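Consider the two complexes below, in which chain A is the common component and chain B and chain C are the respective partners.
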Partner chain A sequence: MSVTQPAPAEAPPSTLVIDCDVHTVPKEGLKSILPYMDEAWRKRFERKRANFGADSLPLRYNHPNGRVIRADSMPPGGGPGGSDPEFLIADHLDARGVSAALLNTLQALGHSAILAGPDESVAMCAAFNDFHLQEWLPLDSRLRYAATVPVQDPLKAAEEVRRMAGHEGVAAVALPMMNTYLGNRWHYPIYEAAEEVGLPIALHVSGADYIYQGAPVAAGGIAESYAERFVTMAPTIGMTNLTNLVFTGTLERFPGLRFAFLEFGFGWVAPLLRRMDSAWRELRHETPWVTKPPSAYVHDQVRFTTQPSEEVGDKDDLVRAVGDLGADVLVFSSDYPHWDNDMPHNTLRGLEPETRKAILGQNAVDFFGRTRLGLAA
Partner chain B sequence: MERHAVCSTDALPEPGTRYSTEVEGIEVTVFRLSDGYFALENKCAHQGGPVCRGATFRKLTAEVMPDGRTREFYASEEEDVIACPLHGWEFDIRSGRALADARRGVRKFAVDVDGGDVYVTVPQRKESLA
Partner chain C sequence: MSATPTEAADAVDAGALADFPVGEIRTVTVGRMEVLVVQTAPGEFRAVSGVCPHKGARLAFGDLGGTMLPSGQGELCYAREHEVVRCPWHGYEFDLESGEMPFSDLSHKLRRFPVEVVDGRVTVARRPRQS
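Take a look at the complex of A and B:
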């Protein structure tokens, strides 16, 4: 069997599967999205010989296998995994019984956050979004999209939120993370727009994290290897930003605003919530605008994807970890086609059937809404 | 258990080659190494991925020297480790055991060669479902 054939169909699960994190990449890099820019921007990028790729990573953070894409996700017609919509539909949605997949593009996130300048990122985000609206979403109603916004220019980002909200198939706002916490008021125009149109904010590391000035910085020092960065980066960025969102009162100020932490893991969340609740009781007068226990805000307004799932030795440990946190805040994600993906049939085993069913599908339906996910009412 | 002829030895002309087939409903890959033939199920012990479609490597390891420095070296002369293409879990082709956790492993089957044919012994379909 060639590695470029779609995966054989697995027995479909007996439950709805909503995949909250699937990665696309333009097949020919920046060249693929240039047609979605006006001529002046197109020429500027061409003259600058702009492109994007992982080759800008420091050597220490290159994956030891030389790529982060699953070998068997490479499309038969060439290009990286996640670049061919037809193959992705067959290899992932069809084969794994996925009813809706939230598409998320790291190249857009990285350039919006830091790799491109503010004006460049405004042009790039709009082009990335239009590229997906025209070349991906019409192919299959299961494809849903997290539209990236140019976070370096919050007013333009708010405009893009409102523009994207009118498009069927856009289910979330992909907000790139900078070296400015999410609770910082810089983000308020974006949050006002997202709350107004009812789109949740999807968060994901961009690839620029821990590397470039202006991206989220490393906690405590510099990781020496891919493995170190991989293990600590997302949880530490998640911990600090979630804590900041709570204690700055951002979740209080925008009660209709919702956040989905994609691929940050979830094992760290329950201990953090306990610590936040404890600190809030003891130090409440420092942040009196936090009017209820931090954990209550999180359960009301925040969700975490299960991938990368906690690979515990004993299934009872997983049951305890999920019970400790509360299954209501968990939604399934695969991270296809990346190497550290979780497939719906092979993860979360050992949980009670109703709990597993909620995490695999229903929790995401409740969070994003049936319409935004393209599901029948 | 049932012994099946799966291929001619011509299908595995030299060490480092492999041959994949299905026997009794089980995806099996036979690997030829310098000291013989070995058969593993194409199902990763981690998340069930197509491990036998992965790349092979020599067994890279390291030790801490008396002076405190680490020495990195190959512990095998041939590519007798296979890594699953999904997440990269590595397995010893001879034993099927995971390098990072010997308690975990890919299912291994007995192989023998007779008259130029390679035979693999697997549970009968009925047994494997039991």
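Take a look at the complex of A and C:
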């Protein structure tokens, strides 16, 4: 068998699988999205000889094995894994029995957050989004999209939210994080727009985190290796931002707004909720706009993807972890085509069938909505 | 403690009225229990059990004040002055009138005792209210 063929199909899953985190990358980098900009912005980026790629990482954070993208996800026609929609459809959606996949692009997130200037990021986000609307979504109704918005300019970002909401296939707003917490009022124009159009906010580390000023800063010090950053970065960014969303009253102020934490893991969530609830009971008078226990807001408005699910030696550990948190806040994700991905057939094994079924598919349907996921009513 | 002239079989003498300034915590022992006695407003008395049901702290060392009502984001609405005691350990608040934790999801509750002023003496019933 040629190594460039898509993965052989597995036994069809017996349940609906919604994959909430699949990564795309423009095949030729910035060049792929330049046609979606007007001439002036194309000239701007061409003169800068702008491009993007993994070379923006400092050496210490380069992957120890040389790449974060699976070798077996590389399309036969060239380009990185996640750059060829037809191959991705065959290699992931068909092979793994995925009924809907939420696409997001780290290059868009990083440039929106910090790598591009504010005005550049406005042009780039719109181009990234139009590129996906034109070159990806029409190919397969299972491809759904988290549209990246230019967070450095919240008013322009709100405009982009409203523009994207009108497009079939857009299921979420991809909001990159800066070194300003998500509950800061900077973000409120974006939240007002997202709540108005009914699109959830999808959160994901951008790759610029812990590296660039303007991106989320490291907690307590500087990680010395890829492994250190990999272990601590997403959970700590998730913890601080989730806590901030609760105690600033942002979730109270936008009761229709929903957040999906993609690839932040979930093992840390239950202890954090207990800690938040305790603090609220003891210090409620400091933030009286938080009118119910923090965990209640999270169960109402926040979801977490399963990947990267911590490897557990005993299935009972997984059962306890999920039971401790509550399966209602979990949605499945693979993180295809990245090296640390989880596939639906080998994820969450050991849970009760109904619990596993809910996490693999139904919870995401409830969260994003059947229409936004392209599923039949 | 020997019984005072106003102490009856069903009540304990807590002291002279003049020793209960509004807004200050005083204590009296009822059986083996320390009970907080507070004049919350002129002529208005509350008496509650003095041990926090959370971790057992002595509420006599807590702060007496009001609390913040649920409010809009960035707004503060202070109320219930002298009606709320705050535990010195974890800060749990208890409403002296209801004995309950205001606006909490917890069901911890202080026992409430009837208080009377008789002939210039403050007396606390030995039996707490039933509800």
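Definition applied: the second predicted complex is superposed on the first by the 377 of 377 C-alpha atoms of A that agree within 3 Å, B and C clash if a C-alpha of one lies under 4 Å from a C-alpha of the other, contacts with A are read in each partner's own complex, and residues count from 1 in each chain.
Here, a residue touches a chain if its C-beta (ideal position, glycine included) is under 8 Å from a C-beta of that chain, and two chains touch if they have at least 3 such contacts.
Keep in mind that what you see is a predicted model, and the values were worked out from it rather than measured.
Asker: On chain A, do chain B and chain C fit together or clash when superposed?
Answerer: fit
Asker: Regarding the shared-chain residue A:Arg253, is it in contact with chain B (first), chain C (second), both, or neither?
Answerer: Only chain C is touched by A:Arg253; chain B is not.
Asker: Which partner chains sit in contact with A:Arg281 here, chain B, chain C, both or neither? Use first/second/both/neither.
Answerer: second
Asker: Output check: A:Glu135 vs chain B and chain C. Expected answer is one of first, second, both, neither. What do you get?
Answerer: neither
Asker: State whether A:Arg70 touches chain B only (first), chain C only (second), both chains, or neither.
Answerer: Once the two structures are laid over each other on A, A:Arg70 reaches chain B alone.
Asker: Considering only the touch criterion stated at the top, classify A:Glu192 as touching first (chain B), second (chain C), both, or neither.
Answerer: Neither partner.
Asker: Specify the partner with more touching residues on chain A, choosing between chain B and chain C.
Answerer: C
Asker: Once the structures are superposed on A, label A:Trp289 by its partner contacts, choosing first (chain B), second (chain C), both or neither.
Answerer: second
Asker: Touching A:Met343, do we find chain B (first), chain C (second), both, or neither?
Answerer: After superposing on A, A:Met343 lies in contact with chain B but is clear of chain C.
Asker: How far apart, in whole Å, are the nearest Cα atoms of chain B and chain C in the superposition?
Answerer: Checking C-alpha atoms only, chain B sits 42 Å from chain C at its nearest point.
Asker: Would you pull the chain A residues touching chain B in the complex into a rising list?
Answerer: My answer: residues 1, 3, 65, 70-72, 339-343, 345-347.
Asker: Touching residues of chain C toward chain A in the complex: what are they?
Answerer: Listed in rising order, the residues of chain C that touch chain A are 67-77, 90-93, 101, 103-106.
Asker: Hey, which residues of chain A end up touching chain C in the complex?
Answerer: The contact residues of chain A facing chain C are 248-250, 252-253, 277, 281-286, 288-289, 291-293, 296.
Asker: Where on chain B is chain A touching in the complex?
Answerer: Within the complex, chain B touches chain A at residues 20, 47-48, 50, 53-55, 83, 85-88.
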